[in-house]
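You will see two complexes here that share chain A, one where it goes with chain B and one where it goes with chain C.
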Partner chain A sequence: MTGEAGTYLYVVARDSGAPSPDGLTGVAGTPVRAVARAGLVAYVSTVPLSQFGEEPLQRSMEDLDWLDETARAHHHVVEAVASAVPAVPVRLVTVYSGDEQVAGLLEDRHDAFRQALERITGRQEWGVKVYADPAEQAEPAAAQDRAGAATGPGAAYLRKRQAGLRSREEAWRRASVRAEQVHERLASVAVAGRRHRAQDPQLSGRKEWMVLNGAYLVDEERHAEFVRAVDELRREGGELELTGPWAPYSFATLDEAGEP
Partner chain B sequence: MMEPARPAGRAYPSSTGGGREPANLGDILERVLDRGVIIAGDIRVNLLDIELLTIKLRLVVASVDTAKEMGIDWWEHDPWLTGKDRGLEEENRRLRRRLAALEEGRSAPPSIEGHVEEEDDDVEPAPRRRAGRRRDDG
Partner chain C sequence: MTYEEPRGALLAEEGRLPAERVALVDLLDRLLAGGVVVSGDLVLSIADIDLVRISIHALITSIRDDE
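For the complex of A and B:
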């Protein structure tokens, strides 16, 4: 308690064949170490609680620059390990009192980690986003606008506005159907597929609607097939963005005993 | 040493638009904040202890406004935006059901029988309807 330091946990892998953490840097520039127990290895670093205690985090998590840096550092460690061996990424800012508590976790949750690792072995997570341009999709509005032009500027304005809303709704509906099709097609090639919340334009950096933010766990042998499917869907129309391979952030889950 | 650790046979053609770098911040943030294993138990600090409301709101507020203008309401069904606490959601549902039951009961005195039946039906709406009908009959 007097040390005012904690053990920050990044990612867990099987001990055998796991890469050395030497030279790897984690959050706040701290060197990454390995804590091994029960055939598993946890990648950790020692962090000052003056920065990673609950109270300081409350403040710093609101600081986008700090969050940016910390998220990237966390992700960097996760990727370094996950690009070499199957690995279970841990949520940002998971801090233990010390290494012994992390070792205890590996021992206590050994079976759950093993199962999670088995599920993702030989597989990779790919991200696929589908964008739709509302301007491009809202063509019918113009025709409806002309039809209402004769009845006076006020009514015409209202009608135009209504038509605009309607056509936007219609465009959104069409884009949603398309997103569903894309998701189903990709999920059929994948072991598992998950639809995540669409990203805010601030995050995506794009003005278009993100109608699909999917994650797919794909067998390595079917990777080429998956990419082909993405290319085919792209040719059918709509903008698809493929990212990855990612560490299996979306598919690494620990099944809690007694929980569904 | 670990940086180029991409074993043979796990190389990906850059033509797929993939490759490990550079991932954009949005993609990274949504993964490290919203996915990945969250561990409860013998822990000093974890994300659940930290009030993330402000940052999350800051990140989503623009799309909410745009979407509202467009008459899209997907966020109303998004657990991230409607509050990540499922317990809260459930409580909400329970309260709403209770309110409906109260309003229903305004015309007739509350029946103990119906009330008991209602207590356990969390998802299944059928027993509730049955209970309501019984009240009407009585």
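For the complex of A and C:
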């Protein structure tokens, strides 16, 4: 099979109690299989390297429709497993040369996978985004115009422009401070918090500033408390968007061997 | 996709959001900057992909962390 097909890896779980992959479809319409080793199970599918080789993939990745389809197919497999048992998702497009190499990974990184699974067991990831409207945030800069010594339309224009820039900077600064407060408050209810980069307005389709794109790993028993915190923060002002629960994508990490 | 309060609580009771209703951009945040990064006998990982088209390159790098 080498040179023609690869083994695409989606997600890893503990072997006991893990759902059957039968009937599950992965990327490029390929059927999902399970590779078990060392008490762990990896969900994989065989993908043609004509699509998932380095060169074809460079082209495919630049096709937003392909990326959409592939991301959703990957997510579908992760969800099927993660909604049933604790599961560690793998980054999009991770392709091994064959099943034996995946089994080798489960064996070699067994302890790291077990630790990663323990970290996320009984917990869910939630996303919270905070938007700020630049127009609402900016305060009138009229006060700064009053004491202006220079006269003439040119000087007035420059003063106005500078004041406008200052107020925009000030608005941004305040929105950032607010984002930090929201993040800290939510992280205090969560086991862990992480800030993703703000989404590109082209992708989010929103003109407001995204000042926080947070992900929070929350104990299931503290879920109600977390939702209450989101609600309180929302009442304090600013637009908060809650998404989830997600499989613990943002908190799936393997500690390096040797590290505590 | 905005979920007002009891919606958030309701969702958790009802279960997860159907895959087709998840916003692609939220998904890409997680799939391109999250998920475990593994090594070994890889044919390919997304880190190997050298994106040429500027718009998508900018898009992907806007999501990825500096790793």
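The rule is simple: the second predicted complex is superposed on the first by the 243 of 260 C-alpha atoms of A that agree within 3 Å, B and C clash if a C-alpha of one lies under 4 Å from a C-alpha of the other, contacts with A are read in each partner's own complex, and residues count from 1 in each chain.
Keep in mind that, in the parts below, a contact is a pair of C-beta atoms (placed from the backbone, for glycine too) under 8 Å apart; a residue touches a chain by one contact, two chains touch by 3 or more.
Because the structure is a prediction, the values reported are computed rather than measured.
With both complexes brought onto chain A, simultaneous placement of chain B and chain C is prevented by a clash.
In the superposition on chain A, no contact is made by A:155 with either chain B or chain C. Judged by the touch definition given at the top, the superposed model places A:36 against neither chain B nor chain C. When the two complexes are overlaid on their common chain A, residue A:172 makes contact with chain B while staying clear of chain C.
Of the two partner chains placed by the overlay, chain B and chain C both lie in contact with A:200. Once the two complexes are laid over each other on the shared chain, residue contacts for A:58 go to chain B and to chain C alike. Under the contact criterion defined above, the residues of chain A that touch both chain B in one complex and chain C in the other are 6, 9, 12, 49, 52-54, 57-58, 61-62, 64, 67-68, 71-72, 74-75, 79, 83, 88-97, 101, 104-105, 108-109, 116, 127, 196-197, 199-200, 202-204, 213, 215, 223, 227, 230, 241-246, 249-250, 252-254.
If you check the complex, the residues on chain A that touch chain C are 6, 9, 12, 49, 52-54, 57-58, 61-62, 64, 67-68, 71-72, 74-76, 79, 83, 88-97, 101, 104-105, 108-109, 116, 124, 127, 196-197, 199-200, 202-204, 213, 215, 223-224, 227, 230-231, 234, 239, 241-246, 249-254.
Interface residues of chain A, counted against chain B in their complex, comprise 6, 9, 12, 19-24, 49, 52-54, 57-58, 61-62, 64, 67-68, 71-72, 74-75, 78-81, 83-84, 88-97, 101, 104-105, 108-109, 116, 126-127, 134, 165, 168-169, 172, 196-205, 213, 215, 220, 223, 227, 230, 241-246, 249-250, 252-254.
Interface residues of chain C, counted against chain A in their complex, comprise 1-3, 5, 8-9, 11-12, 15-17, 19-20, 22-38, 40-46, 48-53, 56, 58-60, 62-65. Considering their complex, residues 1-3, 5-7, 10, 12, 16-18, 20, 23-39, 41-47, 49-52, 54-55, 58-63, 66, 70-72, 74, 78, 80-81 of chain B touch chain A.
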